[in-house]
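Letters are used for the chains, namely A, B, C and D, taken in the order the chains are written, and counting of residues starts over at 1 for each.
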Amino acid sequence: MSKTTVYEVKVMFGDCDPAGIVFFPNFSKWMDASSLDFFMQCGIPPWRELKKTHGIIGTPLLEIHTKFFKPATYGDTLRVHTHVQEWREKVIVQKHVVQRGELVLCEGLETRAFVIHPDGDPDRLKAIPVPDFIKEKCL
Amino acid sequence: MSKTTVYEVKVMFGDCDPAGIVFFPNFSKWMDASSLDFFMQCGIPPWRELKKTHGIIGTPLLEIHTKFFKPATYGDTLRVHTHVQEWREKVIVQKHVVQRGELVLCEGLETRAFVIHPDGDPDRLKAIPVPDFIKEKCL
Amino acid sequence: MSKTTVYEVKVMFGDCDPAGIVFFPNFSKWMDASSLDFFMQCGIPPWRELKKTHGIIGTPLLEIHTKFFKPATYGDTLRVHTHVQEWREKVIVQKHVVQRGELVLCEGLETRAFVIHPDGDPDRLKAIPVPDFIKEKCL
Amino acid sequence: MSKTTVYEVKVMFGDCDPAGIVFFPNFSKWMDASSLDFFMQCGIPPWRELKKTHGIIGTPLLEIHTKFFKPATYGDTLRVHTHVQEWREKVIVQKHVVQRGELVLCEGLETRAFVIHPDGDPDRLKAIPVPDFIKEKCL
């Protein structure tokens, strides 16, 4: 497990589709933003800093699994509750619960790796073991 | 099962993130576009027509499950191969395989319902049984 | 002229492009969100309400003109300062100034009309004179 | 002046807003894609190549000015006609005309600079004179 952080999102008109509700991939965008916010709230520097110090480019997704229960629309304020559900050797699983007030709108699992550009080659990405200094800050 | 359709996507600069690769929610956007393209290739009218004739607003997502194997970047041409993997009473499961040439970049399952505005109330959405005339055209 | 409102935006990773900075059309998205927020802060109901009461669908853009001075990146908190610079018979011009702290990052003018679906036809849009009740609330 | 290139765009459901039409910042995204496509059709390598060979990161926007005449919706196929209208010392002005068939939907001017990371500092951007080898290929 880990700490749980909360990331607030205000839904914009441009986030919504012709059905008048949030276009669903935006929930993934917001979970991704909340994932990064989680690391920053835990005291991890932004990736552009970690790239310089540790070569870490970011935490690309290996897998996402999201369930949508209720729609949202523009003008809504949402809160994404985020924690790490599972730490594996080279992978973490983050869970995000998106709420409007007490109402749960959707839930998602993200499986992420920490990646570098091997040998500094900007065209390639390689997963590394979850760094200890990152895990320690998140618990 | 069903027919399989192919939807082509050209990756734009604005689809990519600071890691230089496609920002992953865009794969969901493209699968959604391929889902709609599937129905249209099968001879189903666009939702804005079905709204008038059958009250059907669209096929919002109940659940998505996506695995990412390889990144893509701007300038790439991708093909989304789409079919219906499962027909349930009120739900269908579509499978999308995104390829660049022969290489599979990601795969996703989408669980969708067909929805209407019950009693014409534009603020509410309600699932209906999968319409027979839609299923027949897709097989 | 009019009131001036302020709309806060937190820049997400997914808002940024391979150059590591905000992909510029997102500034237009945020100005659009601030435009709507302006009307709501002035006491105008959301378009989905005005559609029912006055048939007004929204305020689509006729023209935008934006200057970009400084980039922003993920993690930044921006403020969009919005007011109506000009009221014409069928058109308004809104000005948006996007700042990070005191630093002005970009400025944009939006020319907007208020539109309805003429004769209830959802496939057509028609501009109407700027409604007095809207102008009065904004001054 | 310059060559004129054509870039095709298929409008997706997720490109449209609650009014059922293309959310206007997407036209900017497509003009940007057509701008890059213009350079590639003229024989300029992608920015990720030019970054290695010339340090050029891309062509960020200094200014955009767009007029919207007609809406588009999902299922539409659009064509963006792109050329360089003006070459200045450190700046170019590209013009984009977006059509559906013969119908002009919108027109936009983009003022762009060519930028590098000065002294290799990834946090800064600096404009350079328009490179001759680029101009020559575009004429």
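The definition used in the following text is that contacts are C-beta pairs under 8 Å (C-beta built on N, C-alpha and C of every residue); 3 or more make two chains touch, one makes a residue touch a chain.
Everything numeric in this text was worked out from a predicted model, so none of it was measured.
Should one ask which of A-B and A-C has more C-beta pairs in contact, the pair is A-B. Per-chain CA centroids place chain B at a distance of 30 Å from chain C.
Separation between the centroids of chain A and chain C, computed from CA atoms only, is 28 Å. Centroids built from CA atoms put chain B at 23 Å from chain A. Along chain B, residues 13-14, 18-20, 23, 25, 29, 32, 48, 58, 73-74, 122 each make contact with two or more other chains.
If the chains shown are joined wherever they touch, the resulting network links each chain directly to all the rest. Note for the complex: chain B touches chain A at residues 18-21, 23-26, 28-29, 32, 47-48, 57-58, 60-68, 71, 115, 122, 125.
Across the complex, chain C is touched by residues 13-14, 16-20, 23, 25, 48, 51, 73-74, 122-123 of chain B.
Considering their complex, residues 10, 12-14, 20, 29-30, 32-33, 36, 40, 46, 48, 58, 73-75 of chain A touch chain C.
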